[in-house]
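Shared between the two complexes below is subunit A, which has subunit B as its partner in the first and subunit C in the second.
== the complex of A and B ==
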């Protein structure tokens, strides 16, 4: 097999992205204001309303993003063991275990570990696990925690749920004013929200270029390039970055450059990446001429905010995210994704760390087959805990699946 | 004639027999629920019989096609019971928002179990403050209208009447626990915990009558127990063989924080004013579950205080394997108990594969440590 042929072309913007993220962490770790104080640091969940923090000039830190980095660097199991020794069961979410371990030992994927939080913002629109995890962080660091509580949507979202979340936006504003000691500017907030919308639109534009055949990138690329939209949306830098990335992808489409050599099969990925296996998996699919053109994970950051009424639309958008809706609503979105990207099948990562994402996949895979006639493959793994992963078995199953297409 | 307690103990071998008989006798609707935050009073007021489902010891046959093996056994075995037809007497189910697993189980249940109606009570997770209370009140109103739609209209007076029946039940169960705290020898803990669990499996008024009888026998009884008093921490406790073994080894739960135990009956509902306000009040104020966030009321402090109050010398954590909320709470609560001088033991189990022999050795070791 000629290795040269199957090598994917390198995405040029990757360097800028790396720089952006490195700068972000360096800034966060070295922020010092006069008189020995520092810019306040807030740890926030990946689905949290970061726009409020950016507007209040608070540095957001994402333990989940750091968890992914630790997973990719294959150091998550070691950190998790620290938490396990304290009594946290190995069956609990591995992001949480690694983060708790990292917090206690001041270590991780960035030197010295994450900068310590002054307070915590936990939004449970992704799971209930984060509530328990952040409660532990509040104990470890002895700092206040704000729970931004977004009621789960089973069939429909009642008016009082939106109102409950909208009112919490106002409480959050008060909370931030108390923490930062300065008034919250609604103009600044509208500005940030606008930048956030712009970045989200650009990100959606990037993802949409994968509708072309061949697709200019794979979801493995998207997993890497989503870092800025998760961590820094609401800033100009991120807008600039996604303009660049979008342009590069559009150029690829114009020139017919595909991420996978001689793309034959188009697949959709479901669930959080298997961070420590990304490269191997990427190669494995590429070798088999299969391109993972879209996924349910990176689209989760494509929330809509309306500038006319930012608070209500934010309350609405943050409550409706993919992991906060019932599986029949998920199914509609999944089918839409399959059709829009003309997918031949679905690859589901059954992630033992993440129950809200994984429980229901068996039903979803059957329902997708019924609705679209497309088959799915279910890979049993964990997003960062490689101790429960079998590479040989996965390889075998992926090859068999692609053969069956 | 069998005593009231004997009647109740027989039910343990066939927990749903009374619900089935009730349905046959009255022609009424039987509604399943999982969590002790379920609005039982509303179901009762609608003329239905609320029946609690908490899984059971079984090897799943059909649920494996819907729920991964890393899902807790409570969800897996309960779904299996539904899919194999063992809960065919149900007319509907009410799910309450608690943990991620329950939230997905609700979806899967709604799409596969095939009961005529399904209601989700999307409780907040934040259990403090005015906003959460207002939201809960609105959500209760929505649940009420959904129940009225499914089961027929019922008015405020009907809810008030149900609140009275339920308050009576809670008062009687509280008395039982008070008596046992004073003297755990009057009733072994496997029976006491079952007496509470059975309250959610039969008509409340009937349960009240049975309780009155049991209590009239117990008042003034003396057990002169020299058993080592322990405090139980966990969610659902349905391992009767384990509790029996604990008694045999010379230990007993003098009090607990199980949601099928003390947490089930804790806290009264006001009988004055708007009944939904009153129900909201109890939801927000009672002893909290690991699934709820109550920053100003740390669970561990409460547990330590209650363990002390019942004269416990140790605590046993009874954890469901794969349970996130309780798994996350464990280290902090254990630490608090350690610091307060209690010996602790964590037992992890899955319904259907509990090995009594293995548990015995560990419980023996705990009791040895306490005896010194």
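== the complex of A and C ==
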């Protein structure tokens, strides 16, 4: 075990990213002020089809992104307690608990909490929890909610499923026209979709640079730099930002700069990050010369949209996200990831909050071992609720795992 | 030149001084609140027994939860690796190590050289740990060390369904109130622990060559209950509590070479 801490090089683009996200929240907060007109605000689930909102000039707000910020700032447990006191179970997703707590107390990781929604867009391609959560938000704020229902993919996606989701795209358009009072421009939508595709492609390009040895960044970096693709894809700013980031990563590859000093092991991360522990975990793996080169989480935003037929391909893409597919398809994707990044093992965060992500991890780890011969490690934690996490025990597991590689 | 392994656990700190393959001396002390002091004390105790001092040691490896505090060690290794190496030294045929420590329990699959192939841990609750047994012993007002032999006297073990320390304690209290004999209650507790450990170990490949390490291995009742569950004989090494320190000392020896 290396005792000396060797600092990983800092990613220069981080400053721009921070600025981008800060501006985004400032815009969202100030548009409600003062009296007079304001841009409508819509709260949307992380897997939701945000391109429609951008095209309709609606500001999207992601409670999950805010939940992650609260997790990183270590204030999520306090907000969750507010919801728990109201009777919400501690077994409920901690994003939901923290968000409900934050909505009621008007607080959170940004001053005064998230700007209030004018309406809600809930897409259940990530889980069923979001439906009940958004219904609760609809009650709290007394605003309408649009449910974008994506059928689960067990084996193959049937044609009628795409058609069903495509129809909802049209209904969503109508819903937005009613809420904003102006017509929805399909032309503008195609433009937004194109920018979204461009950003997604750039993001994929960023992630692909980690295929080289040493990897220029770790998944802990990716977790931070994914914020724009999650929240603001479909805008020019995001395209510009990822061009910058991609260039920096390509330069690192060209110069042989690795994120982890003297990279020895390459690992894949599964599940949502443990937001409050990112720095410690990053250091722990780095001290042990292990680089987490890719993950199943940030790749979830690398969806394909075909510009020739944005509506259908969007319906398709939003139905096929990682949490909306069966474990067999997940396994294929995991194996592909392991092979593409030449990984030595798999690190799975068994996330108490997120059942759809965590259920089946033991089976997956076994199946991955059978297919690739590579071992996995399971870390038990929660993405934002640090009350169920033990640092000493996690260190024990991580170090023992790396010792056994 | 002798080398040493120091295992600073949650309840006790242990040291083993090794010369070649020969164990020169061992020690065991309570960890208390200061891991570093406890580790050093364990080391000094083991050295004192041989009239040695630290300067006569070729290398020191620390393990256990308190290992990060062991500034006197040349290297720090997890107890999973160390238990595996220790068990492999005393019982080379062992392929599964069940370590029941003060505050957690683990099952480790190892190969013929003692390399860790896979492991599972239960560190979220105290079921099956020394702490759990301590609580049960005090609820029943018997000595911790007597639990094992008492349970062997049982003819019809009571049913204890919960392995949560808090729930099991109240279950035990109600069994006592119902008038169940203590020996049956204790046997029931051991069975509950064995089921829990068995379920945990099922996540990794286990086979018949089982060895048990850690303080709880001294409880013959738990060992018998585990044997029943796994349907195989389980080896209990001479010094189950020192296996981690032994493994650390073996690794220290390799460093020294």
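Criterion: the second predicted complex is superposed on the first by the 396 of 405 C-alpha atoms of A that agree within 3 Å, B and C clash if a C-alpha of one lies under 4 Å from a C-alpha of the other, contacts with A are read in each partner's own complex, and residues count from 1 in each chain.
Throughout what follows, contacts are C-beta pairs under 8 Å (C-beta built on N, C-alpha and C of every residue); 3 or more make two chains touch, one makes a residue touch a chain.
All figures in this text were calculated on a predicted structure; none of them were measured in a lab.
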Combined model on subunit A: subunit C and subunit B, fit or clash: fit
For A:236, select first, second, both or neither according to whether it touches subunit B, subunit C, the two together, or no partner. neither
Which holds for A:359: it touches subunit B only (first), subunit C only (second), both, or neither? first
Report for A:403: first if it touches subunit B alone, second if subunit C alone, otherwise both or neither. second
If touched residues of subunit A are counted for subunit B and for subunit C, the larger one: B
Considering only the touch criterion stated at the top, classify A:22 as touching first (subunit B), second (subunit C), both, or neither. neither
Touching A:393 in the superposition: subunit B (first), subunit C (second), both, neither? second
With the two complexes superposed on chain A, say which partner A:12 touches: subunit B (first), subunit C (second), both, or neither. neither
For A:160 in the superposed arrangement: first (subunit B), second (subunit C), both or neither? first
Partner chain(s) touched by A:105 [first = subunit B, second = subunit C, both, neither]: neither
Across all Cα pairs of subunit B and subunit C, what is the smallest distance in the superposition, given in whole Å? 5
Residue overlap on subunit A between the subunit B interface and the subunit C interface 362, 380
In their shared complex, subunit A is touched by residues of subunit C numbered 65, 68, 75-81, 104, 115-119, 121, 123-124, 203
Contacts from subunit A onto subunit B in the complex sit at residues 86-89, 91-93, 96, 124, 127-129, 131-133, 135-136, 138-139, 144-145, 147, 149, 151-155, 158, 160-161, 163-164, 167-168, 171, 326-328, 350, 352, 355-356, 358-363, 380
Sites on subunit A touched by subunit C in the complex: 1, 362, 375, 380, 390, 392-393, 395-397, 399-400, 403-404
Contact residues on subunit B for subunit A in the complex? 65-68, 70-71, 75, 95, 97-101, 103-108, 110-112, 120, 122, 124-126, 131-132, 134-135, 138-139, 142, 290-291, 293, 295, 319, 321-322, 324-325, 327-332, 334, 346, 348
